[in-house]
Amino acid sequence: MYKKLKEAVCQANIELQRQRLIIYSWGNVSGIDREKGIVAIKPSGVKYDELTPKQIVVLDLDGKVLEGDMNPSSDTPTHLELYRKFKSIGGVTHTHSTYATIWAQACMGIPCFGTTAADYFYGEIPVTDVMDEKAIKKDYELNTGKAIVKRFKGMDPMQMPAVLVANHGPFTWGKDPDSAVESAVVLEQVAMMALGTITINPNPFPISDILLDKHYLRKHGKNAYYGQKKVKGKKNG
Amino acid sequence: MYKKLKEAVCQANIELQRQRLIIYSWGNVSGIDREKGIVAIKPSGVKYDELTPKQIVVLDLDGKVLEGDMNPSSDTPTHLELYRKFKSIGGVTHTHSTYATIWAQACMGIPCFGTTAADYFYGEIPVTDVMDEKAIKKDYELNTGKAIVKRFKGMDPMQMPAVLVANHGPFTWGKDPDSAVESAVVLEQVAMMALGTITINPNPFPISDILLDKHYLRKHGKNAYYGQKKVKGKKNG
Amino acid sequence: MYKKLKEAVCQANIELQRQRLIIYSWGNVSGIDREKGIVAIKPSGVKYDELTPKQIVVLDLDGKVLEGDMNPSSDTPTHLELYRKFKSIGGVTHTHSTYATIWAQACMGIPCFGTTAADYFYGEIPVTDVMDEKAIKKDYELNTGKAIVKRFKGMDPMQMPAVLVANHGPFTWGKDPDSAVESAVVLEQVAMMALGTITINPNPFPISDILLDKHYLRKHGKNAYYGQKKVKGKKNG
Amino acid sequence: MYKKLKEAVCQANIELQRQRLIIYSWGNVSGIDREKGIVAIKPSGVKYDELTPKQIVVLDLDGKVLEGDMNPSSDTPTHLELYRKFKSIGGVTHTHSTYATIWAQACMGIPCFGTTAADYFYGEIPVTDVMDEKAIKKDYELNTGKAIVKRFKGMDPMQMPAVLVANHGPFTWGKDPDSAVESAVVLEQVAMMALGTITINPNPFPISDILLDKHYLRKHGKNAYYGQKKVKGKKNG
């Protein structure tokens, strides 16, 4: 019944590993069918090499399992909270990718030091607050989602498709599971280059708002002119 | 007679190389059969590409060779000391993996900066004392084991399956040779991310005990809920 | 009609990815036929895995498309400006390669710390000025080219086949598309080693002019003696 | 006539690339037949992918070409000086491997921070003096060899099979071309770990002489007990 979404989510999980963002089973991708109101997600602790569409778990937005024999990812309550509050997103990833996790462990947001970041992230990539005792002890994964949502107050999640959870690691998203994986790949590259930048220049400064606007809006929004979108209706290659 | 253990130890050695923790022949994995009281270990100086189960050396816990034509790893006395004193462990590795060795060379333990570490290591990964002249000059490899055991006084080795030997490199362990290799892989990743963390934030702080408990105990101990353990008796994938 | 140049440009683009300087579609290579006055360049946003010679776009030096159904790279006006002003160059690349981009983000030129750099780049690899609001808002890509040309006033672009655009990333060039790719590969290696050098030695100094001359001129110019050029007319292997 | 040596030298060059120490044609391995007094070396500027034993150039110790149609490596005078003065060595390499070159560019020797280094290098890996104008302008490559020899005054080159040429990069050696390549591989790893060590601990200290002796002499010299050397005459695997 949910075959197409399960296949898309399985493929996106495998792509996440192919991009070298995963060690063992640390990470997960989910996707949502907004019409049906259902979410498909990787089962917990399963290795990527062995993952099949059949193993993908399907739940409703309240976390009730609709299909699948295995436990869903232990991070499922975080994903569900993001889908409930960020209405425009269609896919979510969680990884412990090396450089994004380094910034998360340092509890620091990643300043926008260059156009590579500006092409995807409209400003500094935010880090959540450190979670307090109460939020950790009960409903920890749900509260992780709430900490992210709180941090995004007043922001458009589609203009900033990544967050660093303090002491933990990144979550990313996009219009579908594939886009969420792309956000994770770019985040890792941006995080690596930002670390190098502050190593060379201990007093770094982010790029100007004008350059940020130029690059972000050149690829996103109604006046975008990057890629093949406006040529004879061809698909962007 | 010891065929099964020799095969498991051979496979674990090969996996150690496959995970890119090994240069040339620097490293070794051993395993123990607690019932028979025998240990199987890689022969000394043999390249991983050429390793076969037949070459694995079998010894008793006093170091007497029971089977095998080759010299056991020169680190054998360290492994044996760990098996004698850490009754719960079933496999041991030694590597010179890059980032774990960097911390060992700096003679510094690796603080628990994030949940990646907390999922496997219950606190700061310890470093031994620098060994004194006497300990180096005679029975060096045995004394390396004793330095590790001394450092673990009051600690449960199964909650901290790794140690850094000062000026040298890491030893790791687990319930069997495969788990010991997994500890070595995760240690290397944790060591790399910890180096990045203190590069960004020169005054880093470890995660709270509450978050450490949450993550470590979510995967270990009787209330663990990560993975597939509690679902219909299925094997964790 | 432009088959040969399109094939050379396609191959050079693919080589850029094979050298691991590219993530997704971030980057492009172009080539020029000086006799015909035409430039061939990668289409915008197309993935390297899917690139074919047929997709390469051909333009004149004013940017008028002569052949090709797709949008040319959004960086085309930068390439054209370089071809118009640097008469001796035959190929241009743009990448966001990790270490070159790190220096560009730090808005710092790369000092010549060793002979590896001196073999290819005759002095410090320059960084452009940060572009002002006006230059960004209108004709941004053309103005990027102008910022590069301005920075090269009084310099011979063939002796310095690379530049860092501040807050952005590198452009490189050479006598043809293949040489431009080689410049990009070497730039990345030089940028990585320069970062390491200042990490070890916070007060680094560039090499002497005498050593710079020795190495640069040993490989370039009429008294070069590196390689096979002067032996029995054989091709340098 | 020199077939065997040429094949050994060709294989060692290819291994150098397989170990990822080479970009393009930057590097070379040579070997010597002490009885015949002849040296075989890679031709200049030839790519490793295309290298065949037939292309290897054979010279006497004065640099007179005895066999081969191509120019020998431009670094040949350095190799020859090392063979003339270091009577015990049988193979030499030169690379621009990333981390060894970083230390050479910083004009700093690599302190012995751990047993990984101590297993191969008996103390701090030395850096030459910066060469003066006269030494660079005439007979540069020969003078590079002389700067190395000068730096090794009072040292046994077989106990320290590597040197960093200031502002340039490493040369390594060993009893034959394969051993020289092994020295180059280990040097690169040691250089990478030393950089990490001083990043974590800005006031690092080298290991004690006692630990250095223990590790170096455990693998080298008449009381060595590492590997399979003393077991039933078997070859060390």
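Here the chain labels run A, B, C and D in written order, and each chain numbers its own residues starting at 1.
In this section, a contact is a pair of C-beta atoms (placed from the backbone, for glycine too) under 8 Å apart; a residue touches a chain by one contact, two chains touch by 3 or more.
In this text the structure is predicted, and so the values were computed from the model without any measurement.
Listed by label, the chains touching chain B and chain C alike are A, D.
Comparing the CA-atom centres of all chains against that of chain D, the greatest distance is found for A. Copies chain B and chain D of the same sequence differ by a rotation of 90 degrees once their CA atoms are superposed, given in steps of 5. Chain centres here are Cα means. That of chain C falls 33 Å from that of chain D. Centroid to centroid, with C-alpha atoms defining each point, chain A and chain D lie 47 Å apart.
Contacts with at least two other chains are made by residues 199 of chain D. A list of each chain pair in contact follows: A-B, A-C, B-D, C-D. Those residues of chain D that touch chain C in the shared complex are 23-26, 43-47, 50, 55, 69-71, 74, 96, 98-99, 101-108, 130-131, 133, 136-137, 140, 167-169, 195, 198-199.
Chain B contributes residues 113-116, 119, 182, 185-186, 189, 192-194, 196-197, 199-201, 204, 207-208, 210-211, 214, 218, 225-228, 230-232, 234, 236-237 to its touches with chain A in the complex.
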